[in-house]
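I've put the structures underneath this note.
What follows is a pair of complexes built around subunit A, which joins subunit B in one and subunit C in the other.
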Partner chain A sequence: MILRIDGKQIEAKKWDTILSAAKRNGISIPSLCHHDALENVGACRLCVVEVKTSSNGERKLVTACEYKVAPHIEVFTHSEAVRRSRQTTLDLLLARAPENKLLLDLSRENGVESTSYSTSPDANECILCYLCTRACEKMGCNAISAVGRGQGKSIQPPFLTVPDACVGCGSCAAICPTGFIEMIDMPSKRVIWGKEFERAKCESCGAPLIPVAYREWAIANRELPEDYYLQCQECKRKELASKFSGLGVS
Partner chain B sequence: MRIRTASDLSQWAEHVRKREANISIQIKVCGGAGCRAAGAEVLRDALIQAAGEQQRKIEIDFDKCLESDANTFIGMTGCQGLCQAGPLITMNGELLVGVRPKDAADVIRAASGEISMPARLYYRSNPGGTPLKQKSEIPFYAHQELLALKHCGELLPQSLASYVHLGGFTALFNAFQKSPEEVIDIVDASGLRGRGGGGFPTGRKWRSCVDASKAGDNECYIVCNGDEGDPGAFMDCALMEGNPFVVLEGMIIGAYAIGASQGYIYVRNEYPVAVSRLRKAIVMCREAGLLGDNIFDSDFSFNIELVRGGGAFVCGESSALMRSIEGKIGEPTSKYIRSTEQGLFGLPTVLNNVETFACVPFILSESGSRFSKFGTEQSKGTKAFCLAGCVKHTGLVEVPMGTTLRDVIFTIGGGIQNDRPFKAVQTGGPSGGCLPAEKLDLPVDFDELTQVGSMMGSGGMIVMDDRSCMVDVARYFTRFLLGESCGKCVPCREGLYQLHTLLNGISKGIATKRTLDDIELLACEMKKSALCGLGKSAPNPILSALNNFRDEFEEHVNLKRCRAGVCAGLTTFVIDETKCTGCLRCKSGCPVDAISGSANQTHVIDEQRCIRCGACRQVCPDDAVQVAK
Partner chain C sequence: MEKTLVVIPSKCTGCGTCKLACSMVKGKGEIIARSRIHIHTTGPDSHVQTTCLQCVEAACMKACDTGALVRNVETGAIEVNADRCIGCGLCEIACPFGHMHFNLQTGKSEKCDLCGGDPACARFCPHGALEYK
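On to the complex of A and B.
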């Protein structure tokens, strides 16, 4: 399928969104809540682009992450309307997290130096992009979700308690773009969402590994072998190497 | 009794008619929310007690009443319309207004012919006017045209017999005599557009759902949106409480037309009466064979499940509503693919509003061709509105599309309370806007209202007099939306917060000349980039207020003055000595003792002490408390 993005003819697959087609063709569109491995939600509104359909020639703002490509559409990723919309969105996000480095960098790239709005009293660095909740859902745990509504919405475990379903995999912290989700890894334990997880130890060298709960959960739910993560990567590599050397492979 | 044919229906109706003739006194107490708040339930109990004391044979269950030798029926209906004059009673066809429990004995005595009805219980246009007994004589009712609300207030909502008696389900039978395709054609030709606010042509929606379900060889669903939540709007509530059957009948016709075997009706959780009446109506329809397997002995089967909302305004938005039914968090999703293609559970879905479904049986009835005789070129039929605010006759009205705002507010609504000047009318709830006096002659239809920056919305109509501050009104709706925004997308979540902060600044007098531009800019960006319809329309109340009442905003910003006397920081109340009679009312009404002066002397407000609550202004009979210039 052929469509035009910023005047360029682009080849796209029928399952492409504007964002994926653009990316593959080296056209950059900023986004905060998109992740290739997760379902799109269109929450951050940063990837807005203008689309002109051939039917009525009207140009409208759509989210590139969700809008499926169609033949004969024309996409504008950096028009005046797009620029203004992104600036407003970033300006609003900065009012929520004025010090956040990622947001500041992104804002400056898009021509916003600092927020022109008043910062909200309960401002924090969670920009409610839902990457963590979607990652958690994808993992199969559903330990956290968005709670409440409007400005007061936050990402929380059920009933704001220590989440039963959390296995301490750390996906939420790893995917959080602003570094808001705190995960503390100590040699003996991992602490996340107020829950402590005992860390497994490498049976060869004693180095701390993933949490025991996560290891057991993964074996039970992901058809992994019983010896999954009994060793650290380094020991595993050494053991494998010695096996190979025993076979006469150098 | 299982209904199989049209003659089953007419026989049942005939049976009710005959039995009803034995009931010499039929008292129907209005059970609308307004009258209930005014004490309708206590009144009903008083009437039952009085009738018992006067040795009448009473029955309060209409179905039982028909099969007994009772000669008196006392029951509750849905909203009878004129909320302002409640509690209302319809007694053997006559309308009684403002009936109190102490009037109960007189009402029963008058009903049995022992005395004549006390004249105070009849409606009068003004205090000395002639008592009017029939609804058709009262201007509030005389200028209305009831189609969707036709039997609301007359029908007994807990009795299927009562609905059948009034011709219920004959439209469904008519529809069954036609092919589904023909039914869609009729609905299409009637010009019916979605009453939930968007105004999408109903027939076209149904057809595209049929096309999508055929193309994908999929099942499809029909869903009724009863999640009405606009401040000041209660049409859907009145319909679901007052005539649940007509909503169900409309849904069954729709299901037959699109070939759905499962329907859902999503009702706002804060409408417990509507929930229980609809549940009961569903059970009664199922028992009568009007829902369930093989309706009218055809091979068409259809069921309806009632789903209670979770208390979120945003769940009235179609995609959020469907997610809520699916058991997920009620947050909207992007609608680049229509729900007629991919809706509930990913299958083609028709979602219509309560009032839309309530119009369908009329369209499929014998007199259905009358529907498109009402209305304008692009908006056919009638529309129910809730008249609220500073209007003399608040209540539930239904008028042909294209009726002017002036007719609705002044002819039907009777004008502004205390004959104060009209200032604005807010239509369309939080997605709509405020229209000034210049727009009073605007014909009310979907397109006209949209053109002037407001919206039909679900049909709330809040009338405001000169004591309403437009900054405050914009602030109120923004505050409402701020609390109801789901918080999923940035423009709505953060944008509403900032808009509300900026508006607060105006009403506190700390705004600068730039503030109005900032508001306008942000509001326009929100309209374009928010995720759902709620977010996209959220800036409408502000933008329309700014467009139509910009001078008032500028006055707040530049002169630090609120002419309506609402914004506390920008108001000083003074007593006009030429008007004050020294009646002491304001003095005793002041919560902070800021008013001095003794009887028959001009009162004075201590500006330092005054908290600008406006209580003195409310109680002053001579309009002597004024906003300082």
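On to the complex of A and C.
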């Protein structure tokens, strides 16, 4: 189907959202909480664009990550209303995490230097984008959720105690855009959400691997032989190399 | 049929040009340790290069539950679609050959994608020890 974004005619698929259609056509719309493998929740409001439908000609602000394309709609990604909405969103996000590099960069790109709101003493870098909770859900663990109220609200394990469902996979930390979720890998343990996970060891050289709990989870949840998880990468490569040289490959 | 990256260890001198080429192309030249091709010294004057085998039944693809690993039908390479990677790192630990690399900085996995059909390692190997044919 055909639609227009900023006056440019583009081709979109019927399952596209404005964001996915724009991206495929090289038009960039800022976004924070969208991830291609996770369901959209429209949490950050940064991707807001203006849409004019042909039926009544009215223009309205919508989230590009959630709005499904329709034939002949017109999308504006740089109008005055969009600019103002984006600035307000960033102003509010910055109030939560005034020092955050990613947010500061995004804000400056959009003409916001610092937040005009007062920042709370319990503010932290969690911007409630829900990427971590959705990643956790995707893994099938559902170990974290939003906790608290108001400015102090953030993502945490329920009652601030890590449930057994958390296996220390680290997806939440990897996907967190602001670096709020801290994961520390030490030689013998991984610490995340304040919980310590003992790390498995390479059967051949003793190098630390993923947490034991995560390995058990993987064995139970993925159809792969158990011995795939026993060695570190270096040892696996060495074994491959010695197989190659044993074959006398030439 | 699609081409294959062939390693010829008997011609490898261990010079590391392939690793340099790989990290220039894939890591913007920053860290040679992040090269996706590796050289192993297996004896005096004997070296073996290892890289992703682009397995037909790939463990990395079975480990990935988000569709972030996709086979490129033209080159046969398994490629990472970073936009779909959630950073669980399971593909890295699942690969039985140690050729999936999880980048802690970006929180995404990385691997050899045969440079889209023109692998830099083979192009720059000065000894003909890597061929793409």
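We take it that the second predicted complex is superposed on the first by the 243 of 250 C-alpha atoms of A that agree within 3 Å, B and C clash if a C-alpha of one lies under 4 Å from a C-alpha of the other, contacts with A are read in each partner's own complex, and residues count from 1 in each chain.
Keep in mind that, in the parts below, a residue touches a chain if its C-beta (ideal position, glycine included) is under 8 Å from a C-beta of that chain, and two chains touch if they have at least 3 such contacts.
Treat the numbers as computed from the prediction; the structure is a model and nothing was measured.
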Next on the checklist: Tell me the contact category for A:42 with respect to subunit B and subunit C: first, second, both or neither.
Outcome noted: first
Next on the checklist: So in the superposed three-chain picture, is A:153 touching just subunit B, just subunit C, both, or none of them (first/second/both/neither)?
Outcome noted: first
Checklist entry - What is the contact status of A:14 with respect to subunit B (first) and subunit C (second): first, second, both, or neither? => result neither
Next on the checklist: Quick check for you: in the superposed arrangement, does A:224 touch first (subunit B), second (subunit C), both or neither?
Outcome noted: second
Checklist entry - Taking the superposition as given, does A:175 touch the first partner, subunit B, the second, subunit C, both, or neither? => result second
Next on the checklist: If we overlay the two complexes on their shared chain A, which of subunit B and subunit C does A:63 touch? Say first, second, both or neither.
Outcome noted: first
Item to check | Common ground on subunit A, meaning residues reached by subunit C in one complex and by subunit B in the other | outcome: none
Checklist entry - Considering the complex alone, what residue numbers of subunit B touch subunit A? => result 312, 314, 329, 331, 333-334, 336-337, 482-491, 493-498, 501, 518, 521-522, 525-526, 528-531
Next on the checklist: Quick check: in the complex, which residue numbers of subunit C touch subunit A?
Outcome noted: 7-10, 38, 40, 42-43, 46, 48, 50, 59, 62-63, 65-68, 81, 83-90, 92-101, 107-108
Item to check | subunit C contact footprint on subunit A (complex, rising order) | outcome: 35-38, 135, 138-139, 169-171, 173-175, 209-210, 215, 218, 222-224, 228-229, 231-238, 240-242, 244-245, 249-250
Checklist entry - Residues of subunit A touching subunit B in their complex? => result 41-46, 48, 61-63, 66-68, 81, 84-85, 88-89, 92-93, 95-96, 116-118, 120, 127-128, 130, 145-146, 148-153
